[in-house]
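Have a look at the structure below before the remarks.
Residue numbering begins at 1 within each chain, and the chains themselves are lettered A, B, C and D in the order written.
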Amino acid sequence: MIVAMQESASEDQIQHVIDQLVQMGFEVHRSTGVRQTVLGGVGAQPDFDVREVEMLPGVQQVHRITSPYKLAGRSFRPEGTVVKFGNGLEIGGKNIVVMAGPCSVESREQLFTVSELIAKAGARVLRGGAFKPRSSPYSFQGLGLEGLKLLRELGKVRKPILLKRGIAATLEELLLSAEYVLSGGNYDIILCERGIRTFETYTRNTMDISAIPIIHKLSHLPMTADPSHGTGRRDKVAPMARASVAAGADALLIEVHHQPDKALSDGAQSLYPEQFAKLMDELRMIAPAVGREIA
Amino acid sequence: MIVAMQESASEDQIQHVIDQLVQMGFEVHRSTGVRQTVLGGVGAQPDFDVREVEMLPGVQQVHRITSPYKLAGRSFRPEGTVVKFGNGLEIGGKNIVVMAGPCSVESREQLFTVSELIAKAGARVLRGGAFKPRSSPYSFQGLGLEGLKLLRELGKVRKPILLKRGIAATLEELLLSAEYVLSGGNYDIILCERGIRTFETYTRNTMDISAIPIIHKLSHLPMTADPSHGTGRRDKVAPMARASVAAGADALLIEVHHQPDKALSDGAQSLYPEQFAKLMDELRMIAPAVGREIA
Amino acid sequence: MIVAMQESASEDQIQHVIDQLVQMGFEVHRSTGVRQTVLGGVGAQPDFDVREVEMLPGVQQVHRITSPYKLAGRSFRPEGTVVKFGNGLEIGGKNIVVMAGPCSVESREQLFTVSELIAKAGARVLRGGAFKPRSSPYSFQGLGLEGLKLLRELGKVRKPILLKRGIAATLEELLLSAEYVLSGGNYDIILCERGIRTFETYTRNTMDISAIPIIHKLSHLPMTADPSHGTGRRDKVAPMARASVAAGADALLIEVHHQPDKALSDGAQSLYPEQFAKLMDELRMIAPAVGREIA
Amino acid sequence: MIVAMQESASEDQIQHVIDQLVQMGFEVHRSTGVRQTVLGGVGAQPDFDVREVEMLPGVQQVHRITSPYKLAGRSFRPEGTVVKFGNGLEIGGKNIVVMAGPCSVESREQLFTVSELIAKAGARVLRGGAFKPRSSPYSFQGLGLEGLKLLRELGKVRKPILLKRGIAATLEELLLSAEYVLSGGNYDIILCERGIRTFETYTRNTMDISAIPIIHKLSHLPMTADPSHGTGRRDKVAPMARASVAAGADALLIEVHHQPDKALSDGAQSLYPEQFAKLMDELRMIAPAVGREIA
């Protein structure tokens, strides 16, 4: 942690800040310049609240130096994580996986019909039981202990977890969510972008495609995209699915329904089977541009 | 315009709203239901302020029915606009155009070196004089007469105009900007997405890739993307350039510099020549997936 | 519901939309104008998905006319709701209530010390058991059935519910949350503003003071403010508490701690007892300007 | 500037970063820890682009230590700035100034009528010529040289400048705008909050009342509020005007019109004279709570 004192800070104020930092468990290095004093704090607990120091008299700014996540960071596993499923499917490996299915299962017959269409188009059928999907709470600071408990639990789940970015969550918060699950012992985590809330109202959410390369830089976890929820509109799903693959997504989640206009929920964002088959063809053409193939 | 009255609205309030609408030049149709009265207003001036009616006593909600733009709307020219340059270059046609260059011209020598590199990679050199670039004011309501004047002027410019979405502008506002220029008589407008401001702070702006298919649905104008300004970081330019082409962009604007770390401005978002050449190869692989080629 | 068809919509497309609306249970009125056809749909189920109609060929825009909430709307109880507690306390009545306490109870002794200080300053001690606090899920559309269940349960709780606006929730979504609880039979709901997420990063959240008069116009439910969570910083709590009362808040929730720098959680946003006493004096001066007193 | 290197950074990468910093004019201090190396850079030019360093191989994070503004900072003039007008009016002093007037002048008669009403209510008439009002460009980084020129010019204006926060501008960017004007030699700057763009659509903008105490902490410049533009709706102007005074505003700008429903522009946000007179009475009651009076 770096604490920049105000130019007008008195020696008493500086000493008070140093005392507080030492009490919090930091080793403090002081650097006195022509204009201002800067203090460096080394070695404290990770869940330390920066605002406690910002509020002290004479303090101008406080910067956290160490990343608030370790296990989720790229340097923890520079080669990247490949999440493996029982049936041989791998997410995060060489191939891009397209998982498709109806948003909710309405009947045995529907599931059967849709599954056949998806398999025929060359994609994977998304089954409810394969994952434990969970939205990353939008703000860890806001949730506090409750969020911590929720996600420690996920660390004990014995199947891959699909951690979706909350609509108001920064990417750092998404990685913090992952950090909690990892620290609980479950390393099979797949991250997912599915839209954030902005001032633009034409689509329900604004899908943040740049989240894909950013997560790939910051973390070793596979990064996927959900253009169906990310746009909420059938006619925007194909362009955003193509964009996600072009930006480097490891997998896609796509809603398909054999009769979208009769779907019980979210029919407006489900593709017709023929739209999905066309999209699969397009994705097969794009994948080689990022050195990959559709699984 | 549709005015939904509150359930508790009195007959006097309803009559007052009708009188006001008539004074504003509307022809009013009244529909009295079991629970509430709904008024339909037909035929008023386009720059009518919806809030004037929202504020009248007894009014619950007001909806504008007619689109606030006409000339910029898809139905005005369903086949799409192709903007033609003197040198034979076309934007909005079958081919995707990649325009590249340094952010600012520092010397004759620099321009010459960069141009050669760009041409060798198979892209077009972006010359300052080819366009009249202009940011769409973020909010027309906020700018009022000043914005109107600014853009009426652009309508008289005799060269193609590159209208960039403001960082706080909705897509409707971008199209309203275009409407003003079109109404001034200049039909050679190219729209451009280059990032909007959101709560995410990792990148300077959040590039809204979905703007590309949305504009293509709503308007006949060519839609382009500027991943250099859209992300502000060199290492994110290539993924977002690929995503833009995959989402259907008609052209890209990309900053390239032979010595980005010595550039006078925005070097951090300029590509190295070898990065740019590699990107061009990737774009050539993606274009056929959307039925196009790189020009 | 009003459906504005595109100018270019064919008669077949119009008939198809009419058929769909009738199938969805709407009675349809058709109005054919010089430029476009507008359809009015009357009488459908409240949880109807507008996007289903937006997606039909030839449709330009769809507007929901009836408010998506009824029980939470002002016209349901124009005189306003007063929530009464066992101990005679009333929220939403003539007096403004200031509820204060530590964020989390650390010990019997702490609770006793803080309570004494609060009572001495003339405010009410906030006890964990008095309320059932709950954040309104940020997006009902996003939560779907899960959100519905969560809140139907709250309808059966037999104590007042404090429904806090989510950091990404619009005011309409907050009222929709309240609607679910009301429809479950619990009418003792208190709404609360505690900050939304915006691009500004100086404070954790941006407290939306205008939410107070807006909710008072749209709904009969008491509207309160939580400046401690709304700003996250002790030095901003007093100005925002004063602003909330000046804007018409029915109650305030404020964190106070006798030793904020030793608090186990959120100490940075807790007031020192002497700051709180000073604030109470200021609030007593402001309340008469809005025709009220501090309880 | 503090540069935190990645844990996995090689010695070569560290040396390269040090070399670059030295070339940029920094004096570099190196601190090698158990887990990572941290570099401190002292003494560079203020308009240095942090991203240049963030992009270097092996760099984890870069923090700017020195504030990007000096002249606008509180410590430059701890006692605060009082802007004085020719007619004896002072903004930033002990008294709160309420400036009112029509949004645009439609006729001599209108100006006369409105002025009389305003003076009778005890407020100051806002004359077009008293100020040079200007919106702070939302992003200095985005505007670059153009923004710089625009504001250097303002530094030569010989009358007080009212610098309004752009709807997408952070408070730091507002202070950077002020810094440019101050560096040009004009110290008579008044800052103004008038709403930012968020996901909430009920009001045109979301007025950020917390901007008032934040600016007062960070800067010596007077901070004012414009609830008319900040809300865009007449019925929200009075609550937000009261909230602004309660939060510590030095002055208010309020639109008043003797016939708002006949105003040529922005009538929907103009107060009726009797509403304005009532508001003035309320503000007189609130001011003493913040130790002030209405001028």
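In this text, a contact is a pair of C-beta atoms (placed from the backbone, for glycine too) under 8 Å apart; a residue touches a chain by one contact, two chains touch by 3 or more.
The structure presented is a predicted model; accordingly, all values stated were derived computationally and were not measured.
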Among the chains, which has its CA centre at the largest distance from subunit B's? C
Going by more than half of the contact pairs matching by residue number, which of A-D, A-B or C-D reproduces the interface of B-C? A-D
So what's the Cα centroid distance for subunit B and subunit D, whole Å? 28
Which subunit C residues touch at least two other chains? 168, 197-199, 201, 235
Within the complex, subunit C is touched by subunit A residues 20, 49, 51-52, 54-55, 138-139, 141-142, 144-145, 166-168, 197, 204, 229, 232-235, 261, 265-269
Please output the residues of subunit D touching subunit C within their complex, sorted ascending. 168, 170-172, 196, 198-203, 206-210, 212-214, 217, 231, 235-236, 239-240, 242-248, 282-283, 285-286, 288-290
The answer for subunit B against subunit C in the complex is residues 2, 4, 6-8, 29, 31, 33, 35-36, 38, 40, 42, 60-61, 63, 65-67, 75, 78, 197-199, 201
